[in-house]
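For reference, the structures are reproduced in the following blocks.
Two complexes come next, and they have one chain in common, chain A, joined by chain B in the first and chain C in the second.
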Partner chain A sequence: MTAFLKLLFRNRLAAMGAVVLTAILILVLITPLLPLQNPDATATADRFKRPFTEGYLLGTDHLGRDLASRLLHGTRLSLAVGVVAALIAATIGSAIGIVAGYFGGRTDNIIMRGVDMLMAFPYILLALAIVAALGPGLMNALIAVAAVNVPFFARNIRGITVGLAGREFIDAARLAGMGHTRIILTELLPNVLPVIIIAMSTTVGWMILETAGLSFLGLGSQPPQADLGSMLGEARSALISHPHTSIVPGIMIFLIVMSINLLGDGVRDALDPRLRSGALSRPRATTLVERAGDIPAATDDLLAIQNLETQFHVGKRIYRAVGGVSLAVKPGECLGVIGESGSGKSVTALSVMGLVASPPGVITGGAVRFQGEDLIGAPYESLRRKRGDRVAYIFQDPLSTLHPLYRVGEQLAEAIRSHHKLGKAEGRARAVQLLKDVRIPNAESRIDDYPHEMSGGMRQRVGIAMALANEPDVIIADEPTTALDVTVQAQILSLLDDLRRERGLAIIFITHDFGVVAQLCDRVAVMYAGRIVEEGPTRAVLDAPAHPYTRRLIACVPELGGGRRALAAIPGLPPAVDDLPSGCAFAPRCDKARESCRAGDIPLAGTHPRAVRCLYPEEAV
Partner chain B sequence: MGGYILKRLISAIPVLLGITIIVFLIMSLIPGDPATAILGSYATPENVAKINRDLGLDKPLVQRYFIWLSNMLTGDFGRSYSLNRPVIDEVLERFNATLILAGTAFVLCSVLGILAGVVSAARQYGFADKAITFVVLIGISVPSFFLGMMMILLFAVNLRWLPVSGMFAIYGGGDLPDLIRHLIMPSLALAAVATGVIARLSRSAMLEVLRQDYIRTARAKGVHERRVIMDHALRAAMVSIIPVLGIQAGFVLSGAVYIEIVFQWPGVGRMLVDAILTRDLLLVQGGVVFVAACYVMFNIAVDVAQGLLDPRIKT
Partner chain C sequence: MPALRIENLAKTFPLKKPLFGAAAPGVRAVRPVSFDVETGETLGVVGESGCGKSTLARMLVGLLEPTEGHIEIEGRALDTADPAAFGKLIQYVFQDPNSSLNPRKTIRQVMEAPLKRLHRMPRPERDARISEIFASVNLREEFLDRYPHEFSGGQAQRIGIARALAANPRIMILDEPVSALDVSVQAQVLNLLADLKEKFGLTYLFITHDLAVVEAVSDRIVVLYFGSVVEIGKAESIFANPRHPYTKLLADSAPVVGRPLTAPEQKGSELPDPLNPPPGCAFAGRCPRATDLCRTHVPELREMGEDQLAACHHPIED
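For the complex of A and B:
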């Protein structure tokens, strides 16, 4: 509770709302004690006195009544009516909701049908009908406003009750022979009460405003009694000649409603954990770059990732997702990047085109060179021109990576249209051809499918077709086959392999599956805790892994017909990248680790093309 | 799609019936002799006899309901005694004016609200976002009737830019530019709160969508950021914005009652308030049923729009 209040008052606006509301409440409570004039005492000689005149702090109204006094008494009345209406609505609505939710079945059905009917009205029509039947008057306006808000409580509380009614403690109470009334009062009500109170606090502002509204229309409080609404309503006829009589009650309503709104927002934000963690930040168009240190010189590779460092800044914590990774590919080459979840392989891949979500991602060092040109910190437009055109991505899980509301054909054509002028018919033809290229049967009709109408394998092919749309030089495939079953996986891998041979494109293939690497990649790099721990030609690494981690990782792969070989899971977990150990990150899980492994930074060493980041490798490289 | 629309229309029938039952039950709450109460200050002996005959007030409640319902189905909503004309004629005429006001306000709050929400989300924590958040906070806190009065003071009385009230100028008015000049203030005052609510919701819906994987895909394809926001993200966000538009339409329609009073707009809301004050209950009854039924139909249109936008909804 104190944590909640702290959180609430750290929100300056909410605190401001609380202060204003408290001030109004105190004023209203001590109103009878204040030396005020009788709010209903008329003085025709003193009509329409302006504010701050002698004896009348806020001036007088059309009957010469003291506005300050009327304002405080009116506020008192408005708040009282609003709160009472809220209490009535909450009591009746919650009772209905609890009964419906607890008994369920037909009772629930009939009650909720009725509630839905009531909610089909714009609220004021219902309120007007009630006031029309009962006649104008503050009491009847109060009844109308309460009645209009009953369905809101009934529906909310029913939802909560349905969830609770199925829980064990209710069953236990039933088995103990407790009656329905007792279960509702002693078991359900205490659990529902906090929700009722929160719902009330969010609607009380509304109800104050609604009763004020009815009074404004002349359907609520009747003269000489006045709440804020009827004060405003009466002042309306003198709006043009004496605006202060309108402005005074109007500002008071505004202050009340705004302070309740501010407080309500604060409560909601303090209760909603998603907002608390700041997770609702939208990613920028490109990853933020805050690069320190030297920028590595250009090489003659097609795409070179050089000493790349990408971090996530969450609050005061810094997660070093990628800690100085260098990779390079040449045309027609396929490079595998392998590692467990969280090893930084995907972040490395996304950093290339500035696609790491930012916030919280920040690229803090290194370079990514495409044909020698550094892409890190490049202007947005030059980066955008290369995205999908020269360097294309294939993502994992195409159900979430394809837009659910566009037909696949549109999404394919758009990939081309983002870089080249393209007519409508031509776009369609190109899209059909792309689907054929990735061997989707009935491409002409499939093109009008939405992603959710396709199977997982089909969607993945669409993802690949989209990457191929502009015949890029490099494709970065981020676990494109993980979500698929093995036969589809094999088809897709052979498809990628064909394309590579036919079109000479370079592929960076990210996976956690050695089988896939063996099938497709010329070279492989093994990542652990944001760094490369071993790299070399695929066969060499698979046949003679040099890093203990690589060896253990390969030992995890079950072999068909491999007999009763024990599958050796690696004990322990990868380290958290906001708290990396000094020295070798794998040392805590390594059975060969010695003191020196934990001492200092270990370089990636070996004779080209093999390299390993280990002081005591399994094999000399 | 046609089948879906039909299905939604059929599902509206019980709701419409429910509305008539609720209004009927509320009206039977009237204390004392119903004929005298319904007629209020128009309770001449002839009128009392006529209404007793029309509504069968001597008959049991259920039978009375069905008489009333079948009369309404033939377009007979009864007769307004204060205006001495059929209720339906008056309601239709007044509803036309309300539709112009509320319709304009609804378009304004939808367009401005969504636009503000999108800009706010795209510039999260930037100056535009903070400015919009502040204006929205003020907007949702000012009661529409007070806002309307302040607008009259500023734009009509002090600056003399716009007419104080009414729907047309008394002399020489009646054309479209005249209507628009009269429409600006009331529609803006009416739209204010709903604009704020929609802007807030659109902002959070956009922020939610912008974090999705398919937005990253669009960026990876090289789609221009403007298009990513205005097309990919907005279309997906509309899925959660549209239902709120339907709810806000109800609030706009409700708020129209106040605005019609403040700006002397000859709409159905002002008619209802006048009818309540003169205790012309048949006019209230007919007006409420008619407007509520229109609102139900509007919500069906919203559902259909949602179905058109989102192919995942089975149509």
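For the complex of A and C:
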């Protein structure tokens, strides 16, 4: 709650709205206690007194009634009507929306078509029709305004509910024996309540305005009762001769609606979880670089990641996602990077081409050299020319990396065209050839498919084809087969293996699967808590792991053909990278850990090509 | 008497009727499936995405009404599709531990629901029962007053298991219970499940796509393909001596340390289209042994060797 208020008041406009609205609310709440005149007492001798005349702070209207008194009583009434209308509309609308969204199917269809019909009428016409049927009066205006706004809530809440009703916790509630009513009240309602509050805070101003509109037309509050709309309506005939009679209620309506809308927008922004996580802020085109310390010298590797440090700065917290990682590949070589979630393997991969989202990502040290040239801090244009052309990526989920609205052929041609000049027919021919290269059957006809028309395995082939489009030197594959079935995975892996042998591609293959690494990679690096803990030739590392983490990680993974058995689990959890222990990050989970493990930084040591970051390794390397 | 017996259980999802003309016949997500699960047994169900394993699981707990067939638990038929009637006998552990917990409820509220609704347990008894269950899944009781977002994947999955246990079921359906977890945590949860089975005398139906995991935890394994059972056999032998070519393909595709990388099937073979299913064996299009018989006649599941059944016209002999 305090975090919410802090966030809300960081928005200056929302804070201003809150101050103005609070002032108005206090004023109208204490109105009955103030020494005001009777708002309905006429004094025709004192008609149209100007503001600030004695006894009448804001002057008088055409019947000599005190405007200050009428304004405060009128505001009180208008606010009450607006808020009550909003509550009624929100309650009825949300109930309709939740019921329609939860039950779905025919119930949903019937209810929502009814709501659609209601929405088909222009709202003011509908309100007029309702008031005409019920007769003029403030109560009837309130009913009309509430009824007109029901569809807005119903549609909004239904949309949210449909998304929630498919979630697994609703199924879990049904299995726990809850009935429909209980599920709606205790499972769904708490989750849609924030949305209802947001919708209300943004519409209550609008409803006050609508009520004032009806009163202005003489359909709302009836004389002599004052509300803001009727005050404006009565003042209309004296608009030119005595403008203050219209200006006074006009300013009040302006202040109320403005402050409520500013505050409502602020509430919406503060409650929106995407905004809180910073996901709605546009990331920069390349990752922010704030390097301290020396920049490592160039090597003769094709791609060398040197002592790379990437952090996420969120508020005051610093997450050291990558804490000094060095990796290198030569042409035709496949390097496997193994790690659990949060080990920094993906962030390392994304840092190479400056693809880590900034904010919050910052590269704080090290270098990434492609053919000797440092890519960290390189100008955007130079990075853009290499992205996808010299260094290409394959991501885990091809459905989210392919654009759903373009045919795959067009997307392939575009990938080439962004780096090389290419005619339309030529582009198509290249795209067909690429699909053939990744062994998609009937490439000529599949090229006009949309991504959703292909299976997961086919889509990932398109992803690979796109990575190959410009014949890159290095491909960084981030868990490219994790989302795929085993039979499809086997095909994709053998395809990647063929490609690197045929074309001399260097591949950095990120995964959590030892079986995959064993089959595809020449060398492997094991990451834990943002650092490499062990590296070496795949065979050597898998046969004789030197770091206790590697050994125990291999032991946890069941292997096909091993029969039924208990698995050797590693107790505990990986450390959070914003709170790393000093010394070895694995020490808290390691049964061999001693005092010296926790004392200080442990170097990655060993004889080339093997290295391990452990003081008491399982094997001497 | 088997703990769970299903007979000809099938589910067809109707397709939307077009504006003109008759409705299409619908997608047969699960074709008639029959098998028994013995008391205390762990039956593994493997298959790739779209093979109907989750649809089968949802029917078994009553979240989905079967189109035909019936379910028997310990000799009693369960013909209603009311999850509450199922809940006391059979419970479900979800794949994604975080989305199976209501983000706005404390863990205590989550744990109390099955005790209150299914067993009508009064408060003091509930508290005692929750303490007992939390101790058996190695969770600290101070977690009870926290909200789901405060837990890691492994902890949340333990809570999911604890909730299923709270209903005191005879059978647990585990739907990919570890595939969203990291390998080091995966082993913790698998070992916990094995301990709980022993302690509470449970029967498991373990659904997964991971062959190594299913082999490590199961007594028997059912292989599903395109909504049908293609092979049933003992866990220790089914992948070593598969009868059905699909089982062999699965076993050959799994990446294994020390086995060279080869593509186990012709490149570019496509999966059957559920909207336009092939008339004969669904696997015929990918099968190296397929003949004309396979393309026209659906093979029946039949005995092949000891404790092994396969649905194939041309099974692999040893």
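The definition used in the following text is that the second predicted complex is superposed on the first by the 379 of 621 C-alpha atoms of A that agree within 3 Å, B and C clash if a C-alpha of one lies under 4 Å from a C-alpha of the other, contacts with A are read in each partner's own complex, and residues count from 1 in each chain.
Going forward, contacts are C-beta pairs under 8 Å (C-beta built on N, C-alpha and C of every residue); 3 or more make two chains touch, one makes a residue touch a chain.
Computed from a predicted model, the values in this text were never measured in an experiment.
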| item | value |
| --- | --- |
| Partner chain(s) touched by A:441 [first = chain B, second = chain C, both, neither] | second |
| Partner chain in contact with A:487 - chain B first, chain C second, else both or neither | second |
| Contacts of A:23 with chain B and chain C, given as first, second, both or neither | neither |
| First (chain B), second (chain C), both or neither touched by A:185 | neither |
| A:128 touches, of chain B and chain C: first, second, both or neither? | first |
| Partner chain(s) touched by A:341 [first = chain B, second = chain C, both, neither] | second |
| Contact residues of chain A, present in both the chain B and the chain C interface | none |
| Contact set on chain B toward chain A in their complex | 14-15, 18-19, 21-23, 26-27, 29-31, 121-122, 124, 137-138, 140-143, 145-146, 149-150, 152-153, 157, 164, 204, 206-208, 210-225, 228, 232, 235-236, 239, 250-251, 253-255, 257-258, 261-262, 269, 272-273, 275-277, 279, 281, 284-285, 288, 291-292, 295-296, 299, 309-312 |
| Of all residues in chain A, those that touch chain C in their complex | 167-169, 171-179, 182, 186-187, 190-191, 340-341, 439-441, 455-456, 485-491, 493-495, 497, 512-516, 518-520, 542, 552-553, 556-571, 573-574 |
| Chain A residues within the chain B interface of the complex | 13, 113-114, 116-118, 120-126, 128-136, 209, 212-213, 216-219, 232, 236, 239-240, 243, 246-247, 250, 253-254, 257-258, 261-262, 280-283, 285, 350, 353, 355, 357, 380, 384-389, 392-393, 395, 397, 400-406, 414-415, 418-419, 450, 452, 466, 469 |
| Touching residues (chain side chain C, partner chain A) in the complex | 48-49, 58, 61-63, 83-84, 86-87, 91-92, 94-96, 99-105, 110, 113-114, 117-118, 152, 154, 160, 163-164, 167, 182-188, 190-191, 194, 209, 211-213, 215-219, 235-236, 239-240, 249-265, 267-268, 270-271 |
